[in-house]
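To start, the structure itself, in C-alpha cells.
Chain IDs A, B, C, D and E follow the sequence of writing; residue 1 opens each chain.
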Amino acid sequence: MFEAIAFYTFSILVIGMFGIVVFSKNALYSMSALAGGMIFISGFFFLLDAEFLGVVQIVVYTGAIMAVYGFGMMFFDTTRDIKENIKFKKIIYTLALLSAIFTIFILMAPVYSVRVEALYPAIKDVGNIQMVGLLLFTKYLVPFELAAIMLLVAMIAGIVLVKVKMEETPTNIEVAKGGK
Amino acid sequence: MITLTHYLVLSGILFSLGIVGVLRRKNLLMLFFSTEILLNAVNIGFTAVSKYYGDLSGQIFSFFIIAIAASEVAVGLGLLVLWYKRSGTVDLDSLQMMKG
Amino acid sequence: MEKYLFVALFAPLVGSLFSLLFTAKEKNTITAIVTSALLLLSFVSSLTLLVSIHDGLTLHVKMMDWISAGNLNLPFGFIVDNVSVIMMVTVTLVSTVVNVYSMGYMGHDKGYNRFFTYISAFVFSMLILVMSDNFVGLFIGWEGVGLCSYLLIGFWYEKESASWAGNEAFIMNRVADLGMLMGLFLIYWQFGTFEYDKVFAHVGSLNPAIVTSIGLLLFIGAMGKSAQFPFHTWLADAMEGPTPVSALIHAATMVTAGVYLVIRASALFSLIPEVGHIIATLGAFVAVFAASMALVNRDLKRIIAYSTLSQLGYMFVAAGLGAYWIALFHLMTHAFFKSLLFLGAGNIMHAMDDELDIKKMGGLFGIMPYTATLMAVASVALCGVYPFAGFFSKDMILAAAFNGGNFYIWFALFIGAGMTAFYSFRLIMLVFFGDKVHKKLGFHPHETYPFVLWALLPLGILSTVAGFFEKPFEEFVTEILSKYEITIPHATELGLIFLTSAFVILVIVATIYKYNKGGFSKQLENMPIYLLLKNQYYIPKIYEEVIFKPYYRLSTFAWKQIDVKIIDFIVDLIAKTLYILGQKSRKMQSGNLSDMLRWMVVGIVALLALAIFYRPGM
Amino acid sequence: MLNPISIKIATLNLATLTPMAILAFGALAIICIDLFTKRLDKSFFVMFTLLFIFLDFTALIGLNGPSRGFFGVMLVDGMSMLAQGIILISSALFIITALSNKPFKEFKKAEYYALFLFMIVGFQFMVATDNLILIFIGLETASLALYTLIALHNRNKAFEAAIKYFTMGALAAGFFAMASLILYALTGSIELGVISKVLVSRGFAPGAFTLAGVVFMLMALGFKLSIVPTHTWTPDVYEGSSAPLAGYMSVVPKIAGLVVAIRFFDIFLSSQIQWVQDILIFLAVLTMTLANITALVQEDVKRMLAFSSIAHAGFVLTAIMVGGTQANSAIFLYWILFMFTNIGAFTMLWIARHKKNLWGSRYQHPFTKFSGMVKVAPMMATLFAIFMFTLAGMPPFSVFWGKLYLISSVINSGHVVLAVIMVINSAIAIYYYMKLIVYMFLKDPITEDGNIYIANSSTPIKTIVGITLFFTVAASIFVQPILSVVTELIKSSGY
Amino acid sequence: MEHILSLIVFFPLIAGIFGFVINKENVKTFGISVAFVEFLLSIVLWIAYDPTNSGYQFVEYSALIPQFGVGFYLGVDGISLFLVILSTFMTLVSLVALNIKKDIKNLVITILFLEMTLVGVFLSLDMILFYIFWELSLIPMLYIIGAWGSGQRIYAAIKFFLYTFAGSALMLVGILYLGYQYYLATGTWSFAIPDWYLLVLPFNTQLWLFGAFFLAFAVKVPMFPFHTWLPYAHGQAPTVGSILLAAVMLKMGTYAFIRFSLPLFPDASVYFLYPVAIIATIMVIYAAMVAYAQKDIKQVIAYSSISHMGIIILGIFAMNAEGITGSIFLMLSHGIVSGALFMLVGVIYDRRHTKLMSEFGGLATVMPRYAAIFGVLMMAAVGLPLTVGFVGEFLSLLGFYRVSWEITVIAGSGIILGAVYMLTLYRKSFFGKVVKEENKTLKDLDKREFAALIPLVALVVILGVYPKPILTTIDMSVRKTIQTMERKALLPDTKKFLLKVNSIGGTK
C-alpha cells in the first residue's frame, strides 16, 4: 500500500516536473523542474531498494549536472523567457503521441510472468551498496575503468572546446546567420 | 500492488515526454534537458527490472547511464559554449549553414 | 583448254585494273587500246572455246575455295558449256565493239580512263555471271554487273538526274535480288549445295511446291535485272548513262541476264510449267506494255530502251513456254541489232551535241548516211523482216506461243510486233528524214569517225545474217537445253509467219507513208491515251508518290518521332526522373537539426507501428 | 554476508585487455608529455600516436581467439580482432594525414591526439565485448571524443557539424538505453549471448515487446551506420569536418557499429525471424536508394562522398540481413577494401584543400573546383578518378570484389530480387562518381595553377595515397589472402 | 608461346604506362609502334593457332581467388581469334589515322588502354575476368568521347557510359547466380566458362539468366530499343573513338551472345528465338530507315551499324554453323568497313569541320581518290559480293532462313534499305556539282590517310575474295559450340530444333 501511494505520488510529481521541463518557456523554470524531477526519480530508486543509485542520482545529477547546466544558463544568458520558433507542431505532437502510445502499449505487455533466473542475484543481508560495489569491482571492472576514461575524455573535451580560439573572420558568421 | 509493468509504463511515459522535448525544443540547452529525461526514464526501468528479477545488472546499467549522462553534459555544453561564442545564440535554427 | 577459260575471264579484269591506274589522270588513249585489246583477246578465247565446245568438250573448273561454313562448301567454279559459251561470245563480241566505239564516243570526256575501267569491269562481272557453275557465283556476277551498271549510269555524276537514275537502278535491282537471294537460300537448304549440276540432278525428287517457290523466287531476281514489270522503270531512266553503256549493258548483255538465268535453270523451270506460264504471260504483257510507251516517246534513247524492254518480254515468253533455245537465240540476235541501234543513236547524239529529242532532228540521212544505213538495218532486224536476224528469232517465239495454245500470248506478241514496227520507223523517219528541224535550232551535225563506223560493221553484218545460223544454233545449244518441238502443222506455222511478216511490213509502210506526209496531228497529243503513254502509265509517278516519298516521310517520322521523341525520351526520362527524385529527396536534408531529430523519431514510430501491426510468421 | 572473493590473475585473461590498455596508456602519456614540454611539433605527436597504434596492433595480432576475459565481459573472437584490425589500420592511415603541408591548429594540440587514442580505445571496447554496458560505454567514449575532434577543426561548419552530430547522438544514446532496457526486461540479462539463449528458449514471446527492442536497437545502431532515416547527420558532419576525419568517420565508427549489429541481429536471423529480415531488407533498400538518388544532385564532392558512404552502408546492411559465414565475411572483405579506397579518396580531397575560394560557393570542394583538373594536375586527376571508379564498384578495383562477394552472398541466400535492386543501385551510383570524373577530365580548367590541387600535399600524405592506391588497384591479388583470413576468423567466431 | 595471351592482353597496358614518360612530340609514333607490335603478336597468335583444333588454345590459368573460384583464365579459339586480330588491327589503323593534336599523349595512352580491355574481353575464359574487361572498356571510351568529342560530347559520353553500365548490372547478378548454381551442383566455386559449359540448368533458371545476360548484351550491341546511346556517342565522338566503338566495341555484345547465351542457355535461347529475331528484324529495318532520314554523314553510318548488327544477331540465333560462322565473319567485316567509313568521315570532318550532307556535294570531282575509296567501302557496306561485307551477310541470312523464311525475307529487306541510305548518302555528298565555294579547294587524301585506309580497302577485297581460311577456323569452333548446345539441351523441342536447323533437306 505504501508502495502504491509512493509510486503514484512520485510518478505524478516526476511527470509533472518533466512536463514543465519540456513545455515551459522559461529556461530557469525548466532547469529547476529538471532538477526537481531528478530528485523525485531518486525516490523511485529508494523505493526499489537501490539506495546506491538513489544517492548517486542526487549527487551526480543535482549536484554536478545541474550545476553545469546552471553555469551554462548563466553563460548563455537564457534566464529570460525564450522564443522558440516551433514549426509543424501537428507533426510533432502526432509523432510524440504515437511514440507514447506505441511505447506504452508495448511495455504494458507482462514480461515478468516468466521468471528469469537472475545472473547476479542480490544476496540476502548484504547491503545494496556493498553488492553494487562488489559487482563494479569484479564483473564490471572493465566498464568501470572505461567509464573513467569516458569521463576523462569528457573532461578533456570540455576543456579543449572551451579553450578554442576563434579563427575565422566575421564574414563567415554572417554567412552562418544568413543561412537561416 | 505495484508491478513491474507499472514501472515500465512510467518509464515509457517519461521516455515519450523526453521525445516530445527533443522534438519541440529549439533552444539547444533545453533540448539537452530532454535528452537527460530520456536517460532517466530508462534508469527507472532498469532499476525496476533489477528489483523484480532480483538481479543487480540493471542497477549497474543505471549507474553507468548516469555516468554517460554526465559526460555528455560536459561535451555538449562545451560545444554549445563554442557555438555561442561564435554566433551569440544557442538557437537550433542558427545551425543552418549546411544543407541539401 | 582451261587457259582459254581463264584468259577469257580474266583478260577484262586485267584491262579494268590496268586502266584503274589511270583513272585519276588525264585522258590517255592507251587505256582504251589496252582494254580493247584485252576484250578482243577475251572474245577470241571465247570463240576458241566455242569451237572446242562444238567439238564436244565441256569445261568445268574449280578455281579455288571461296566460302565454307557448316555444310556449305562453295568454291569459285566455272563451267563452259553450250549455253554459257554462247553468252560469252555474245558478251565479249558486243563489248569489244562497244569498247572500240567508245574510243570515239568518249573521246572528249574527262572521265575517259574511268569509263574503260568500268566497261572492262562490267565485262568481267558479266562473264562471271554466265560462266559460273553455281547460283552464288551467278549472284556475284549478278551484283557485279549491277554495280557497274550503277557506276556507268551515274557516269556523269555531276548531272543530278544521272546519279538519281544510277541509284534507282541499283536499288530496284536490289529489291529483286532479295527475291533471288531467298531463292538461293531455299535451294541451299533443300540441296545443301548451290552447284547447278547437283541441284538439277536432284530437283526432280523434290516437293513440287518447293520447286515452285524456288522458281518464283529466282524469277523475281530475273525480273529485276531484266527490268520486267513492275521493276521496269529503272531501265528507261538508265538512259542517263553514256550511250555505249546503254548499248552494252542496257540492251545487249546485262538486262538479258534474267533470261539467261531462266535458261540456265531450265531443268528447274521445266518442272514447273505453271510458273513458266506466269513468266510467259508477264513477258507478253511487258512486250506490249513497253512497246506502247515507245510509241509516243520523243526521247531517242528511251524509245530504244522501251524497245529493249519489249524484246525482253519476248524472250521471257519463249523461256516461260519452255522454248529455251529460242529465248537464247533471240537473246543473241537481239544483242546484235539492239546494240547496233544504240550505237547508231550514239552517233546521232554525238552529232547533235547530246540532243535526244527526235522532234528536233530530221533529215540527218544526208549528213550521216552510214549511221542511217546501219540504224535502218538494225531497225528492220528488230521488226523482224526477212531475212534479217530478228525475223528468225521473233517468229520462232510467236510460233512457240501459238504452239502452246496460248493464243492470247500470241496475239499480244503479234500486236507488239506491229507496235515495234511503228515506233522503229517513226524514229527512223523523224531522225533521218523529213524537215531538218535541227538547223533552225542551230545544231551542226556531222558524221562520226570512220573507225567507229568500221567497228559497227560486224554488228551490222551479224544483224543481217545471224538468222541463218538458226539450225546450227539449235543443234548446238539443245545438246544441253531441252528441245522444243513445234507440234502445230507446218502449214499453220508458215501461215503465221506470213501473217506476222505481212502485218509488220504493212505497219512499216504505213508509218513511212504517214511520216513522209508530215506525221500525226498535234491534237492527238491531248488524247488521254497519249498522255497515259507519254507519262509511262504514270507508274514512275505512282512509285514516287506511293513508295519513295512515303518512305522518306516514314523514315523521318521514325527518326524524329519514334527515335528521338519516344525511345530516347524514355531513356532520358528515366535519368531525369531519378534526378528530380534526387532533388525532391534533397529536401529531406533540410540542414535543420529539429528536422533531423524528427526523422529519427519518425523512424522509431514507423518501425514500432510495424512491430505491432506487421507480423509475418510470428 | 559477503564472502571474501579471491580471483586469480590468470583467470582474468589480461591479454584481452592489452591492446586497449596500450592505447589508453599512450593517450595519457601524450597528455603528460604535453604537460612538461610545450611546443612540441605535430610530427612528434603523429609519430608517437602511430607508435602506440603499432604497439596496439602487435598486441592484437598476439591474441588468439576466441577467448573471454575479465569475468566474461571481454570477448576476443575473430570478428572483434578483424574489426580492431580495421580500426587500427584506418587510424594509422588517418593520423598520418595530420602531417599536411598547410598548418592546422588542431594538429598542434596534444589533446587532439589523446582524444584520438581514447576514441580508438572506445571503439575497440565496443567491438570486443557482447556486454551491452560495455558496448554502450565504449560507444559513448568514442563518440564524445569524435564530436570533439570534429569541433576542433575550428571552422563554423565544424562546430555546426559537431553539435548536430552530438545532439542526434544523444537521442540515439537514449534509444540504445531503451533497447537495452527492453532486452533486459525480457531476459534479465545484458549480455547478448544470454539474451539470445533466453529469447530463443521462449520463442521470442511476447512478440511486440521483443521487436520493440529490435526497433530501438536498430535505430541506435542505425545512427552509427547512417541508416535511413537516421542518416541525416552524415552529409553535414562530413562536410563540416576535415576531409581525412570524414573519411575516417565513414569507416571506423561504422565497422564498430557493424560488429555490434552483426552480433545483435545474429540472434534473430539464426532463428529465421521474418520480421527482422523484412525490416532489414526494407531499410537497406531504402538507405541505398535514397542515398544514391540524393547523391545525384549534390554539388560538393565531400557531401557526395557522404551520401555515397551512406549507400555503401545500406549495401552492407543487406549482408547483415543474410547472416552466415559468407555474408559476414563479405561484410569484412567489403569493408577492408572500402576502407582503403574511401580513405584514399578523402585524402585526395585533403590534398586539394586550399584556402582560396575560386569557385564562389559555400562549398569547400564543389565539383566545379575540379574542372579540367587533368590538364593542370594530371596525376592527381588520374588517382582521383581511380578512387571514384573504385567506389563505384568498377572492376577490377578493390570495392568491386567486395561488392561481388557481397551480392553473391545475397544471391546465395535466395534474395535475388534484392541483388537486382543492389546492382541497379550501383548503376545509379556510378553517375555521381562519374560526375567528378567528368568534371576533372572532360571540362575545361578553371585555373592554370595546378598547385591549388596539391597545396596541402606532403610526403607522408603522398605515402598514404600511395598505400591506399596500391591496395585499391592491386586488389585482385590481395582479395584471396584477405578473404581466407577473414573467412577463417569469422568461422572461428561462430558466425 | 606459353604466355602469349597474357602478353597480348597486357602489352598495351604496360606500353601505355611507359607512354607517360615519353615526349609529347613522339608519343604518336610510340603508340603506332606499340600497336604494330601488338598487331604482330596477334598475327603470331594466328600463325601458331592450330586450325584443326576446335578447343581453347594457349590456355593460361592462374587462380586469383581460389576460394571463390575466380581465376585469371585466358584462352583463344576460332570464335575469338579473329576478333582479337580485328581489335589489334583496328587500333593500329586508327592510331595511324590519328591527327588530333590536343592532349595527344593522353589520347594515345587511353587508346592503348582501351586496346587492352578489348583484347581482354575476347580472350577471357573466366566470367568474372570477362566482366572486368567488359566494364573497364567503358572508361577509356568515356574519356575519348568526352574529352576529344564535339558538340554535346559530355552528354554523349555520360549517356554511353551510364547506359552500358546499367545494362550490364543485371548480368553481374546473373553471373553470380550461375556461379552459385555451379557451386550447388559441384560443391566448388568456379566462374570458368568451360566449367560452366558442363552445367545443365533447369529450364526456368535458363529463362531468367538468359534475360539477365540479354539485357547487358542488348545494350552493348545495341539492340532496338536500347540503341539510342549509339547515335549520340558516334555523333560526338572523335574519329578514333567512333572507329574503335563501331569496329570493336559493338562486337563485344554479339560475341558474348555466342560465347555465353547460346551454349549456357540452349533451351532459353531457342525459347526466346522469335522475340530476339523480331527485335533484330526491327533493328535492321528501323535503323535503316532512320539512317535514311539522317542529315549527318556520321549518323548515317552510326545507324547503319545498328542495322548491320541486327543481321549479326539473326545469324547468331540461326543456331547453325552457317549462321553463326557468318555472323562472326560479319562482325569482322563490319568492323573493318564501319571503321573505315568512320575514318573517311573523319577525313572530311578534318577538312570542313562539318559532317552534314547538305554541306557537300560533288566531292567526287574535288577528291576523286577519296570518293573512290569511299565508294569501295560503301559497296562493302551494302554487301556487294566479292567484298568482305557480302560473305557474312549472306551466311547469316542463309543460316536464319532455315529457322524462319518469313523473318529472313523481312530482315533481308535490309539489303535494299541499306542500299537506299548508302547510295543516297553517296549521291548527296559525292555526286552533283560542287556548289559550295569552300568545297572547291578541298585537298584529296594525304599520305597518312592513305596509309591508314589502303590496308582496310585491301582487306575489304582480299577477305571478300578469299575468306575461307578465316571461315574454316571459325567454323571449327562454332560447330563445337553447337555441339555443346545439343549436348546440354533439356527440352525435346530444343533438340529437335537444333537438329533441324543443322541439317539439309526435309520439307517445310
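Here is the rule we go by: a contact is a pair of C-beta atoms (placed from the backbone, for glycine too) under 8 Å apart; a residue touches a chain by one contact, two chains touch by 3 or more.
Keep in mind that this is a model prediction, so the values were computed, not measured.
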Study note, to complete from the structure: For chain B and chain C, the contact-path distance works out to 1
Revision key, fill the gap. In contact with chain D and chain E alike are the chains C
Study note, to complete from the structure: Centre-most chain by CA centroid is E
Review point. Between which chains do we find the greatest number of C-beta pairs in contact?
Key: A-B
Check your understanding: With chain centres defined as C-alpha means, what is the inter-centre distance between chain B and chain E in Å?
Key -> 65
Review point. So, what's the distance in Å between the C-alpha centres of chain E and chain C?
Key: 36
Point to revise | Separation of mean Cα positions, chain B and chain A [Å, integer] | key: 4
Practice item. Could you put a whole-Å number on the gap between the CA centroids of chain A and chain D? Key: 29
Practice item. For chain E, write out the residues touching at least two other chains, lowest number first. Key: 162
Practice item. Note the residues in chain C that touch 2 or more other chains, in rising order. Key: 586, 589, 591, 593-594, 597-598, 601-602, 604, 608, 611-612
Exercise for review: Could you list which residues of chain A touch at least two other chains?
Suggested key: 92, 95-96, 99, 102-103, 105-107, 109-112, 116, 118-119, 140, 143, 147, 150, 153-154, 157, 159-161, 164, 173, 175-176, 179
**Study point:** Chain pairs in mutual contact under the definition given at the outset
**Key:** A-B, A-C, A-D, B-C, B-D, C-D, C-E, D-E
Practice item. Note which residues of chain A are touching chain C in the complex, please. Key: 87-88, 91-92, 95-96, 98-99, 102-103, 105-106, 179
**Study point:** List of chain C residues in touch with chain D within their complex
**Key:** 578-579, 581-583, 585-586, 588-589, 591, 593, 595-597, 599-604, 607-608, 610-612, 614-618
Check your understanding: Which chain D residues qualify as touching chain C in the complex?
Key -> 163-164, 167-168, 171-172, 175, 204, 207-208, 211-212, 214-216, 218-219, 222-223, 228-230, 232-233, 235-236, 273-275, 278-279, 290, 293-297, 428, 431
Revision key, fill the gap. Touching chain D in the complex, chain B uses residues 4, 8, 11, 15, 18, 22, 28, 31-32, 35, 38-39, 41-42, 45-46, 49, 53, 55, 57-58, 60-61, 64-65, 67-68, 71-72, 75-76, 78-80, 82-83, 86-87, 95, 97-100
Check your understanding: Can you list the residues on chain A that touch chain D in the complex?
Key -> 102-103, 105-107, 109-112, 114, 116-119, 123, 125-126, 130, 134, 138-143, 146-147, 149-150, 152-154, 156-157, 159-161, 164-165, 167-168, 172-173, 175-176
